[in-house]
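Two complexes, one shared chain (chain A), two partners (chain B, chain C).
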Partner chain A sequence: MAVQEYIRERFFPQMWCEGCGHGTILNSLLRAIEDLGIAKSDIVMTSGIGCSARISGYVDFHSLHTMHGRALACATGVKMAKPALNVIVPMGDGDALAIGGNHFIHACRRNIDITAIVMNNRIYGMTGGQYSPLSGVGTMATTAPYSSIDNAFDVAELAKAAGATFVARTTTYHVAEAVTYLKKAIQHKGFSVVEIMTQCPTYYGRKNKKGDAVEMLKWFKESTAKLGSKELENNPSLIARGIFADEDKPEYCSEYNKIIERASRR
Partner chain B sequence: MAKKKLKEIAINQNWCKGCGICVAFCPKNVLELDEGGHSTVVRPEDCILCRLCEMRCPDLAIRVIEEEEDAQ
Partner chain C sequence: MTKEIRFVQGNEACVEGALYAGCSFFAGYPITPSTEIAELLAARLPQHGGTFIQMEDEIAAMSAIIGASLTGNKVLTATSGPGFSLKQEAIGYACMAEVPCVVANVQRGGPSTGNPTHVAQGDINQARWGTHGDHSIIALTASNHQDIFKMTVDAFNLAETYRTPVILLFDEAVGHLRAKLEIPTEGELDVVDRLRTSLPEGVNYHPYLPREDGRLPMSDFGDSHRYNVTGLFHDMWGFPTADPTSINDLLHHLVDKIENNVADITRYKEHFMDDAQYVLVSYGSSARSAIHLATERRARGERLGVLELQSIWPFPKELIREKCDGARAVLVCEMNMGQVVEHVRAAVRKPNRVFLANRVDGKLITPLDIKKFLRMIQGRGA
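Moving on, here comes the complex of A and B:
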């Protein structure tokens, strides 16, 4: 089966800008699902608001396009009601960590079996290039015309500290890696977070003089290195790619089932 | 032994937005942008079937289709 069989073709060509990395994340995710052989009707994709969140309209799965920052809250409801389904929640950096930051840490803390994907372009694409909690010091944005002074979250460290049991990071340049991590994340029983650094040539690229999509992909290649590599050891200013956490811990729906059993025995 | 051989690199010109990602990162320079700004196959004989173009395309516009063939 080709990945084209997992999409709603009637909505193509998709609405993202020329060279927008969000499309590559869709591509990687469809390949991961194809490799795992999961039936379309066994997947629920829940998204919030943002260019990134538009992804749920393109997939031929059960899908919910919900409120800004609330995709994980809605996904938690879906998973609690139908624990057998695979729940996948792609979010923008703003969606996941600005307005949705609270939902994000608590979903991590509960270790509910959901796959969260942070489509991190370090900017609010949809609303015209405002800075986000992942922009970082020195980033130029509509709301930071003299550059941002805000420190960025490290999503991987944050997710891990909050209790997520599978955490990985890669980029839209490293597509084979993205497919591998997404497969592991979907198969993992517990809350998994895959951060994929992605390019918004239209706002981030233009405001920060990073060039077009091709230039931005070269930048991802040059500014990142694999966890445990000599390259990273010798140059700690590089951003680490790899698997930051992969552990077994009690999963929320399974624990809840035990409560249901206990309550129904009374 | 069965060896993989390229049948076709199918590019959906209606979906391609001409970002040039497939062209820039093809290890064998198989692809180019045409005058209309769409990706097009110019050196299919050099393709090594790595599928990087297909995997990186944000618009799902490329399919690398292979032929199963018996080599001597």
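Moving on, here comes the complex of A and C:
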């Protein structure tokens, strides 16, 4: 099926700014799904609120656009109720880790078979450029006019520690890598997290003098390096890309099925 | 057929009612005095292949049942006090996205952590207006175990019929009281099944286009119709819209589908109401004391009646006016600072003849408490 077939034309033109990285992520995701050959009706895309969250409206899957931060909690209900469905949850950095942080760590802990995508632009795009829990110390934002003093989460480490069994990080510059990780994440049985560093030229770029989208993509290329690479070893200040966890552990819905068996014997 | 008779807590009657109605999914977070509902369903649901999940908080629990409802399940969550506050955001979402679901609130004293182990009826207005924005809501209540069962079944039925969250406003006293419950046999009570679209695959399905009778047939996530669900104002496809006409129409639809059907939704009971000179309006465990007092006074020839409300929202204004019109005075018995009494006053022709008999100290209002208020308004002292 052509990628076009996965799009809801009625919903276009989309609302993202020119140069926004969210569109690149949508593309990578659709290519991953196309490669995997998953039927459209077998996918439920659940999202919260944010520029990133609007992605669910653009795709021709079952789509559930919920509340800010609550996507994973809603998705847990969908998945538990119909485990056969592929549940994909794209979230912004604020959506996933500020207001939704509690749901995030608990979804990791349960190892429920959901694919979470953190579209990390290190800023609140939708509300106009406030700092997020992934902005990091020194970031300029509308609510950090003297620069942010907030430490950032490392999503990959956090997800791993919380119990996610597939964890990867890449950027919108590394499109082929993103497609590969997304495919692995969707195929993985258990909770998977793919962090994709993405550009918000409108707010993050402007506030932090990172230039336009092209310059920001260049910045992703230069400020990251593959896990296990010499480059990363020589320069630990680079951000690691790669697969941080890929483990086989009991998945929540399968475990719940055993509860049903146990209960029915009573 | 001999009926199954059980000796149970009110909370268990709610569980039995939910299972009778076809509830197949529960998500919750423990909180006194509602916890037994979660505990019992943790044992019962998997026995029938249903799903129980304890979430990380009440926000998550309310969100999870919304997801599960959209995949085709009849869903329930249960909570009390602070947990009910946390659920409000997602209750509003369920109103907006028209997701059938049932929320049981076994009331305790508030505000805040308040009085976890004692009775109160302070969440009446929160049930109506707890979530932000214009909307309408259905809330039912009950004073005894048989009615808890029945109202729980009705809550599921109304949730399906009107595609809306339905709140069950129980309270600590009746929730924890142990009493007899006769389980109705299959078919004895009506059970409304989910209305699903009959449109085949390939035919355009409009998830938010009401039929002529106002109902909106659903399609389960996973079936052939793929559509969008959102908490934004949306068009008939479920797509976000800022079109003034669409916004206006949707808001009217959300309110009208409930407010235009008050008669269908209203549930109540009359006790000694024929020729009553004084009417006690009450609900939940307060109504038990009101009924007790009326029974006792009737035996002595006093013309006292009880109008027991079993649905509070939408407020049964017409019913109140009709039943209270001939009364010399109306005494609203409730365990709060006067939440229903205001609505009774607004409904009747002589609001200055409506009085409040309340108790807010965590103790169940007694027949004697009510009698004292009654004597006061009769000018006869206690």
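Quick note on the criterion: the second predicted complex is superposed on the first by the 266 of 266 C-alpha atoms of A that agree within 3 Å, B and C clash if a C-alpha of one lies under 4 Å from a C-alpha of the other, contacts with A are read in each partner's own complex, and residues count from 1 in each chain.
Everything that follows uses one rule, which is that a residue touches a chain if its C-beta (ideal position, glycine included) is under 8 Å from a C-beta of that chain, and two chains touch if they have at least 3 such contacts.
Just so we're clear, the structure is a prediction, and the values are computed from it rather than from any experiment.
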Touched partner set for A:H62, first chain B, second chain C, both or neither: second
Partner chain(s) touched by A:V214 [first = chain B, second = chain C, both, neither]: first
Partner chain(s) touched by A:V78 [first = chain B, second = chain C, both, neither]: second
Which of chain B and chain C A:T24 touches, first, second, both or neither: first
Touch count on chain A, higher of chain B and chain C: C
Contacts of A:I259 with chain B and chain C, given as first, second, both or neither: second
Touched partner set for A:S147, first chain B, second chain C, both or neither: neither
Chain B versus chain C as contact partner of A:I7, first or second or both or neither: first
On chain A, the residue positions that both chain B and chain C contact, one per complex: none
Residues on chain A engaged by chain C in the complex (per definition of touch): 8, 10-11, 40-42, 44, 46, 56-57, 60-67, 70, 73-82, 84-85, 102-103, 106, 256, 259-260, 262-264, 266
Chain A residues within the chain B interface of the complex: 2-4, 7, 12-14, 16-24, 26-28, 30-31, 172-173, 175-176, 179, 212-214, 217
Residues of chain B defined as touching chain A within the complex: 14-15, 17-21, 24-25, 52, 55-60, 63
Partner chain A, residues of chain C touching it in the complex: 25, 27, 43, 46-47, 49, 51, 53, 55-57, 59-61, 63-73, 75, 89-90, 93, 220-224, 226-232, 237, 239-240
